[in-house]
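Written below as structure tokens is the structure these notes are about.
For clarity, chains are labelled A, B and C in written order, and residue numbers in each chain start from 1.
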Amino acid sequence: MEFTAKQISDFLSGEIEGDPGLKVNTISKIEEAQPGSLTFLANPAYAQFIYNTGASIVLVNKDFKPEKPLNNTLIRVDNAYQALARLLELYQQNMPQKKGISSMASIADSVKMGDDLYVGEFVVIGENVVIEDQVKIYPQCHIADNVIIKTGSTLYPGVRIYENCIIGKNCTIHSGAVIGADGFGFAPQSDNNYMKVAQIGNVILEDNVEIGANTTIDRATMGSTIIRKGVKLDNLIQVAHNVTIGENTVIAAQSGIAGSSKVGKNCMIGGQVGISGHISVGDDVKIAAQSGLSSNIKDGKIIMGSPAFDHDKYIKAYIHFRNFEKLIKRIDDLEKELKDLKDK
Amino acid sequence: MEFTAKQISDFLSGEIEGDPGLKVNTISKIEEAQPGSLTFLANPAYAQFIYNTGASIVLVNKDFKPEKPLNNTLIRVDNAYQALARLLELYQQNMPQKKGISSMASIADSVKMGDDLYVGEFVVIGENVVIEDQVKIYPQCHIADNVIIKTGSTLYPGVRIYENCIIGKNCTIHSGAVIGADGFGFAPQSDNNYMKVAQIGNVILEDNVEIGANTTIDRATMGSTIIRKGVKLDNLIQVAHNVTIGENTVIAAQSGIAGSSKVGKNCMIGGQVGISGHISVGDDVKIAAQSGLSSNIKDGKIIMGSPAFDHDKYIKAYIHFRNFEKLIKRIDDLEKELKDLKDK
Amino acid sequence: MEFTAKQISDFLSGEIEGDPGLKVNTISKIEEAQPGSLTFLANPAYAQFIYNTGASIVLVNKDFKPEKPLNNTLIRVDNAYQALARLLELYQQNMPQKKGISSMASIADSVKMGDDLYVGEFVVIGENVVIEDQVKIYPQCHIADNVIIKTGSTLYPGVRIYENCIIGKNCTIHSGAVIGADGFGFAPQSDNNYMKVAQIGNVILEDNVEIGANTTIDRATMGSTIIRKGVKLDNLIQVAHNVTIGENTVIAAQSGIAGSSKVGKNCMIGGQVGISGHISVGDDVKIAAQSGLSSNIKDGKIIMGSPAFDHDKYIKAYIHFRNFEKLIKRIDDLEKELKDLKDK
């Protein structure tokens, strides 16, 4: 694929500064870009690179003012990062797409299959499953009995969906993710043994959810574990039974949410965060990486620490913690001075 | 499936208050239950919901005293949560069960197969494996050479068992779990390279062990990594080479135990806990979520923090940490007052 | 397999003290070893066991001086741990090796296959893949289009390599690892939704890299996520898009590195460590388990805490934190004494 600056600028409704006929065939990072590639400048921290980048074309924000003369052709757009995202999507859509149903898949007779599907080799689809149109199921996935997968969703190789779960429209689930394994529920017995509590609920992913590689979302004991529309979960995340995660909440890798907790909408949760069971996290909450939550959090809070509290207060307290040695010295001095004073 | 209050009460040796002929066909959470469903009340925090629940039948503890009149039929039992667990199990046992050996599995001729098995599609079973009676191996599992899987165990889709490992009776292993990958052992070389130390040991799961989705348990360098009977491991847990976990210990998601450490019996370990290598954790120890252990812990301790120490002491210290700003103010004031006094 | 003390000593260029004709057939830990087995003593903490071990032969360092008489035959070597590693490797190399290409694998016609390969059952290899000589691909792996796997690498059951990734020579990748899933990149929209940013880059593993079970390494947005030669990653690690990890760096289980960060060479990173995005970690850095990094770290630093700072300073500060109660008492006393003094 090769495009001219004019074709790209027209697609993005941008303005060209330079040669409209200049051609590029790939997209690169600004610090690595070679002639023949397009790059972008969105984060001001990378502005230094624009003066030396080898890129033929650079997407920049409309208000970008170069401090030195530039050799590249610029395309000015309202939002360079969003424009880049649109180009990357276009680039990917032009890649060859997987299609058709492999004769090496095992699909139960009772499955209802939509149109325009991809089902790869060694996929297993159980009884009474519904696969809607334009779904892509890559090789070696397992879709258990009674699962529903709605229009336009993609499951990468080796995804496992346990029985009765529902996957919304346009969801993306990466390799190794496990949706619907048993919740971790055991009733203690008098002899220190545990009796397993059967988990008869399911998992519901609403539309436009993305699930990272090797992330696990457990089925509810009864009812549903629910991931609301637009939620984005990174890799290796644990979501326990009966959890609900609100619309458009984004969670970074290796975080975990324990049983029956509810997380609000539009939250941003850092990596390796732990949320205890049976608590409620409000809407628009931001949680710093590695924080731990053990009690309810109100809407809009920004928190840090384990257990977590106000982010700015944590940062200040931690500065004192780092300087603990100096603090001890001050107290030692105070004690000494006071003693001297009393001894006078 | 439909049951009357009387049938359920008889099964649980309970006492009915209300209509013995009332029928239910599902089990629901108290806050979501609709007519036609049975629910339960065990945790007093949920007592408020009993007055408005739509459930036809509610399991309650014998000593439950309603504060307002109830419209539901009650079944009083010694322990409502355990009674629920028994009903959920009954419900699940009445679901259709997977049976038979798929013609699309690859099973070596030397495998010893028991009776009443389920082996799903695209399963691979290596040389000299022993599969005892009533074992269920869901699709796409891999059982390497010389593995033994004892009576009544279940492996969900995509479980991997490396060679020579032993799985006890009535174990449950969820999708994506990896049992017996190489321990992480490397001998440093003079040039900063590392030489891999071959890992020739195995993993032994004793009876009634449950392993969560995508959990990893590494084989021993020599000898065995051992998970004692009744241990329950949640999802995404790491157990390194040569670790031993004692009977009936329960570990929440995303915790990790480094090489050669020994954890005692009847411990309760929270999520995202880290246990260093070559240490010993006693029996009946409780560890708060996100704690980190770097030295031996005696029987019965309750600990928190990273590095972890006494739980109550940690909670108190952390309150002072949260209020560090006020403490600094007190020291500032002391210094000022002392100076004033000396200047007088 | 059975070897005499003389055969083993010759192989290791060691010196025998005892019976050169003594035979052993296995390798065991010193505290578990039985007659007929060889063991080793490298860590002085285990020296106590040598006086009671059942092992027939013990590998020891040249300078080992027993405090009591020994019944075993000793083989003295320059470095007992390295000698053990060589023996374990020899032991493993003598185990039966997997060979041949299964007729139950699905291999695209366009794949270039080297010599002396193992490709197990239900493996899928996509279009234009290159598999060099002596590569072992265990059952149920998925190798997407345009991947290159170089000479001598081993993929255990259920590894997933997404399209365009490159695996170097002599790499080992354990079950469930996912190489090349989409980076976690989303452009916020005005309505709180997120637009997925297509990830068109790849992952490059250089030579002699080891990747643990269920570890995930995301593809770059543009360009490459790069794991340099000799890097060893334990289980359940997360490596985000556009990260670079330098030569011979070793990372313990459940650690995570966020997008675009660069980690230097010869680093040692403990378990459950979190490294924020867009930061730089120098060479020869050591990071204690559970630490969190949110800013650049210079070469050679040893750090701890979340956020992490100097290790020794952290240890001291944490001791004061543990004794916070006593510190508060000292300040209470100071205030009281000062008040008494002023009231006089």
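By definition in this document, a residue touches a chain if its C-beta (ideal position, glycine included) is under 8 Å from a C-beta of that chain, and two chains touch if they have at least 3 such contacts.
In this text, all values refer to a predicted model and were calculated from it rather than measured experimentally.
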| item | value |
| --- | --- |
| Classification of the chain A:chain C interface as same or different, half of numbers criterion | different |
| Rotation angle superposing chain A onto its copy chain B by C-alpha atoms, nearest 5 degrees | 120 |
| Chain A-chain C separation of Cα centroids, rounded to whole Å | 25 |
| Contacts with two or more other chains, residues of chain B listed in rising order | 122, 140, 158, 176, 214, 236, 254, 272, 290, 321, 327, 331, 334, 338, 341 |
| Of all residues in chain B, those that touch chain A in their complex | 27-29, 32, 45, 81-82, 84-85, 88-89, 91-92, 96, 102, 104, 120-122, 138-140, 156-158, 172, 174-176, 208, 210, 212-214, 230, 232, 234-236, 247-248, 250, 252-254, 265-266, 271-272, 289-290, 318, 321-325, 327-328, 331, 334-335, 338, 341-342 |
| List of chain B residues in touch with chain C within their complex | 106, 122, 124, 140, 142, 144-145, 158, 160, 162, 176, 178, 181-182, 184, 186-187, 192-200, 214, 216, 218, 221-223, 236, 238, 240, 242, 254, 256, 258, 272, 274, 276, 290, 292, 294, 306-307, 309, 313, 316-317, 320-321, 327, 330-331, 334, 337-338, 341 |
